[in-house]
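The two complexes that follow have subunit A in common; it is paired with subunit B in the first and with subunit C in the second.
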Partner chain A sequence: MPRFLKEFFDRNGLGIGSLMLGLVLFWTIGLIILPQLSMLDFSFRPNLPPPEIGGPKDVYTMENYRYLVFGPEGGSQSYNAVDLKVFYRTLIAAIFVTIFNLILCYPIAYYLAQTKGNHIRIFALMLIIPYWINEILRAFALRIIFGETGVLNNLLVAAGIFDTPFDFVRNDIALYAGLGYAYILLMIFPIYNVIESLDRNQIEAARDMGASWPMIHRRVVIPYAKPGISSGCTMVFMLSAGALAAPQILGGPSSLWFTQLIYQQFNDNSDWPQGAAYAVVLLVTCILLVLALMRVFKVNMGDIGK
Partner chain B sequence: MKNLSLMRLSIWAYLAIFFAYLLGPLVIMSITAFNSPEFPRATPWECLTFEWFSALFQDERILNGIKNSILVGFGTVVLSVAMGLAGALMLTQIWPKLRATYYTIIIAPILVPGVVIGISTLVFWDRINRMLGLEADSFLSNGLFLTVIGQSTFIASYCMLVLVARLQRYDMALTEAALDLGATHAQAFRKVLLPFMKPAIASAAVLAFLASFENYNTTTFTFGEYPTLTIELAQKVRYGITPAISALAFIIVLLTVFAALFNEANIRRKELVALARKEATVEELSTGKFKMPGFLSSNWAAVGLVIVACATVVVVGTATVYSPQQCIADVQEQKRLETELRIQELQRQRELRRQQQEAEQGSSAAPAQSKPAGNDSGFGNVFAPSTLSGDAEEDAGKPEGNNSGFGGAFAPNTLSGEEGSEGSGN
Partner chain C sequence: MSAGVGVDLENLWIRFGDFVAVRDANVNINGGDFFSFLGPSGCGKTTILRAVSGFLDPSDGRVLIGGNDMKGIGPNKRPTALIFQNLALFPLMKVWENITFSMEIKGASAKERRKRADELLDMIALPGQGDKLPSELSGGQRQRVAIARALCAEPDVLLLDEPLSALDLKLRQHMRTELREIQKRVGITFIYITHDQGEALTMSDNIAVMRAGVIDQIGNGKAIYNDPATAFAASFVGENNVFRGKVKRMMGSEALIETNRSGDLVARISSANQGRLKEGDAAMMFIRPEAFALAPDGASGDHFVTARVNHEEFEGNTFNIFMEGEGGKELKVAIPNLGQSFEDHTGQSITLEYEAQNAVVVPAGELAAE
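Let's look at the complex of A and B:
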């Protein structure tokens, strides 16, 4: 038995130690690493009926990835314009949702973190309650509001701003509002946590030396809150790029989210390898994008999740 | 100072807008649960009704979904709290060089899209199933099993974060002391560490259950024969929505508010009691004259809890005796009248238009085009619906802005939507 393993069992006892080790190994290897590798492996295989799996036709192929870029073999177009456009649109929209959320949530997080009093507890409660409601129901609530005969349209028409109901769903406004709505808390909490630990004297000192409010935020608060901001942005970006419920419920009929394509491959086309390939592409692209942005803004990986 | 008050005002305005965005949708959705139209809407208000609640309780699929959700939630709580605790303990003991890698691995599932977790779980266990040579309906491809496994993958990470926060304040010397005093490892774990971790375990369990209950992205790939409540809701919302969903949402909102207020009231009460104890004199404490603060005194959460409870009792009480039949009949009668009026109006307009056209044709030889509507594209365009409605507005000059077009006039939505501005008084 290696020395570190022996030390481990000495410290925890054989029973508790092996239980702990077993659970951790099951979680990290059985639930996290192997399934991801299995998905990666699967994405390089052709779509075969169950009896042929493992047979002579079951060889590695790039076909599923080729399909995303170039479309079906012998297709009329040289590129798979539809899927690529959906992919591109998903990423861009997710970035915009993230920026929107950051702008919306930063003042709130700052206010909550730097103000003391009973009403802050009430605000915190009001923040958390919507997050406990089902994701589907939150999207449903927004659909009631943004629908053609919904509350918002009735209000706007009654106020005379529009003559005819505006189709928020078809114009994707409902979708962006829904995605922003879904992840507000994930943006606020990391920023709040960091700003709360900021010593108020630093702000006072900056103000005493004549800094204006924008200056204080730019030079004192934001540099300090950078880990929280990047943590919140990463979570919101990853989750909105990977969102499925909001696009399914709030998306217009003609506009798809990339996750919906994955869903279609799995459930409608029964083409699992193709769906797995799309999922791998989504995952890898999102991770690369996050890492690139973290490098641009000079944030360390260790700051995320704090 | 004026500058400061302006700033304060803008802060409050911002907060108001923010919370309107956050809570407004939930409030409006709750209102639609009590409105009688078949399509969930808050305006126009027609009749107060409770029928959507009874429709909800008769929905077999929803009830079945709730049952599955609870089963899955239970399994997920057990598995992910256990894995989260083991993961958190391991984090404090692991070889320092491995710690960063290990932390990245166990934190990653939070960031990986739920869709990807669902797919990888499905693909992986399907392969294990085949490797073991089991049938397609074996335990490993069972929907309950896959859903619990898939959800636990990332929910365990949440639990781990909660548990690590508490574990950092644990003094390892306590366990060592217990071992020195002759306790076995299992005893030290069960009697020293677990009691210390209990509050964190409880909050991790609640968090895990809630996360499991509302999960959609992962479950949608793994549920198999066991659709959870979220899956059923998503199916319903995607293919035709009814106020029964609003009714369910209202119940969930109410339960959430209850739980949140209850929790908050408890915390606040503990604080108040601690404060009162601190301020009490030794004599008061020793003679037992120490007066506990009242449950409701300066505890806004408790006051809120009582108010919400009373409101619920009143609403449920009303629901058992209230019948909206008369009101619904009135509204239907009104709608019928409304439709008739509209049809007459349309006929009148058509008549007018016909006369106008005849007059136009009569004078078409004349060079002067004196038409007001700018309809200069000739005869053929007159029957296009958009032209019709555009003209109708100008011809009839109706005050309520009937611009929904000829084609839309018979759609029920348009009818009731406009009726609201006229007959919302009943």
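Let's look at the complex of A and C:
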């Protein structure tokens, strides 16, 4: 038995230890790894009616992946331009949402972490309580704000800033705002956690030596907060790229999110293998992108857990 | 020694709400001095340091550095460098980057900074350690890096907030000497905060003794130790035996004190209280353990104290006798060990003598907590 397992059982006893270990293994293997493997398996199979499953036509194939890149066989275009464009746009938009969230959340997290007093607890509550409302309702609330006859347009037109209502939905502003807002806490809290442990004396020492505030952030706070920043960015990016409700409700008619394509394959086309292949491509691409960026910014996997 | 830049505190008050952290402090620190603020924790000494460095605005009064009022000048614009109690080295920067951070701010090239870092590393006797991280150094080495980082900014005044308190005893004593050496070499003004009277006495040109926001006495080490101005200063700096009583008769620079327990005793009036202490005033008389000598049995008079011995101990350089004292506090006597024979007096009543000039009397006041 490896040493960490032995220590684990020594500390918790055999009964409780086995129970805890069993539950964790059930969670990771039973609820995450096995279903994902089954999706992976689906993605390499043809879409067959139930009687033919397991029959002679049920063989492994790359067809579903080929479809994403080249489109239907014998189609008019040499590439599946529509789906690829959606895929590419989704990733770019998720990156954009992540950067936007980081710029918005870093000052909030810094302020929360470095200020003392009871009002901080109230601020934190004000950030948390809106999340008691479910995601769909929050998205519709944003629709009310951003809609063509919505609150924001009424105000802007009444104030004379716009002559005619601006279509926030068609221009994707509502979507970005919705996605940004949906994951704001996942960006704030990891950064907050790290900055809270930053010794205030370090900021004062830098200040004492003549550093300006931008310099203090660049050289002292941000390097220290890097694990929190990477953790927050990873979560926000992954979840934005995989979001469904916000694009569905707040997206303009012409802007599909890649998850909506996946949803259509599963639900409207009843083509699970095709949907699974799209989902696998999205997942793998996101993971590779995150790993590549971690390399660029010299972040260790262990830091993400902080 | 170079002239250095002086620091003056003029009628300085610092309040936090209703709490007065510093009460009407007036201090003139000469340029190039090693000046210590000595006092127990919570006495306001760190608050003064923060006011000098600019992290805190005085509620009233002025802070002057080199004669210039520092009002409205932020910590990043003052000619001071602060060494924090926990050093506050930047953990993610290498040692050389830490040291030259102030140059980086001014936009110096990496090459210049590296060169300066190497010079400073030589000065603090850590040559070739520039590429390490602070976490790879020992406590004493980190201490020296913090000093080098502060000196790299070429401040006129270096402020030190109990920087030795985290070190073990041996290293602390070593660093005392080293700090003093560095101060002499660079010739700038050092303002040092400590609760350790040994540190203050060994390193400082001048010391301010602080109690509960008030500066009780300013003077050099000898003056503070030999000629305390208040009961607090007498009891906080070094070991001291207190005799409570009142002034019975003034005798020029000396006074006869009617003590509560040990009869009438003679003592020198501390210079700060000459002409201020009057007959009938409540007074406290202090005699250091080493100022006593054993007297022949039966001797009596105004410089003899008789009491029962509770217990004795041998400390190597001294024989310590603990006798019944006032209010449950023991009277401590230290007889130097010069190789003489020394009999055990436990349980006996013995008589001690002292010279009037070694006993000092001040107005009755608050004593330092044990």
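Definition applied: the second predicted complex is superposed on the first by the 282 of 306 C-alpha atoms of A that agree within 3 Å, B and C clash if a C-alpha of one lies under 4 Å from a C-alpha of the other, contacts with A are read in each partner's own complex, and residues count from 1 in each chain.
Operating definition for what follows: a residue touches a chain if its C-beta (ideal position, glycine included) is under 8 Å from a C-beta of that chain, and two chains touch if they have at least 3 such contacts.
Note that the structure is a prediction, hence the values are computed from the model and not measured.
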Clash or fit (per the criteria above) of subunit B with subunit C on subunit A: fit
Under the stated touch criterion, which partner chain does A:5 make contact with: subunit B (first), subunit C (second), both, or neither? neither
Max touched-residue count on subunit A (subunit B vs subunit C) belongs to chain B
Give one of first, second, both or neither to describe whether A:292 is in contact with subunit B, with subunit C, with both, or with none. neither
Where does A:62 make contact in the superposed view: on subunit B (first), on subunit C (second), on both, or on neither? neither
Quick one: classify A:239 as touching subunit B (first), subunit C (second), both or neither. first
Just to be sure I read the superposition right, which of the two partners does A:82 touch: subunit B = first, subunit C = second, or both, or neither? neither
Once the two structures are overlaid on A, work out the angle subunit B-subunit A-subunit C from the Cα centres, in steps of 10 degrees. 90
Report, in whole Å, the shortest distance between any C-alpha atom of subunit B and any C-alpha atom of subunit C after the two complexes are superposed. 6
Provide the residue numbers of subunit C that touch subunit A in the complex, in ascending order. 53-55, 74-77, 80-82, 84-86, 88, 90-93, 101-102, 104-106, 149, 153
Residue set of subunit A touching subunit B in the complex reads 4, 8, 11-17, 19-21, 23-24, 26-28, 31-36, 38-39, 42, 50, 53-54, 104, 107-108, 111, 118, 121-123, 125-130, 132-145, 147-151, 154-155, 157-158, 163-164, 181, 184, 234-235, 238-239, 241-245, 248-249, 259, 262-263, 266, 272, 275-276, 279, 282-283, 286, 290, 301-302, 304-305
Contacts from subunit B onto subunit A in the complex sit at residues 11, 14-15, 18-19, 21-26, 28-29, 32, 39-44, 82-83, 86-87, 89-90, 93, 95, 100, 102, 104-117, 119-125, 127, 130, 136, 149, 152-153, 156, 161, 184-186, 188-189, 210, 213-217, 220-221, 229-230, 233-234, 237-238, 241, 245-246, 248-249, 252-253, 256-257, 259-261, 264, 300, 401, 403-404, 413, 416-417, 420-421
Hey, which residues of subunit A end up touching subunit C in the complex? 199, 201-202, 204-212, 215, 219-220, 223-224
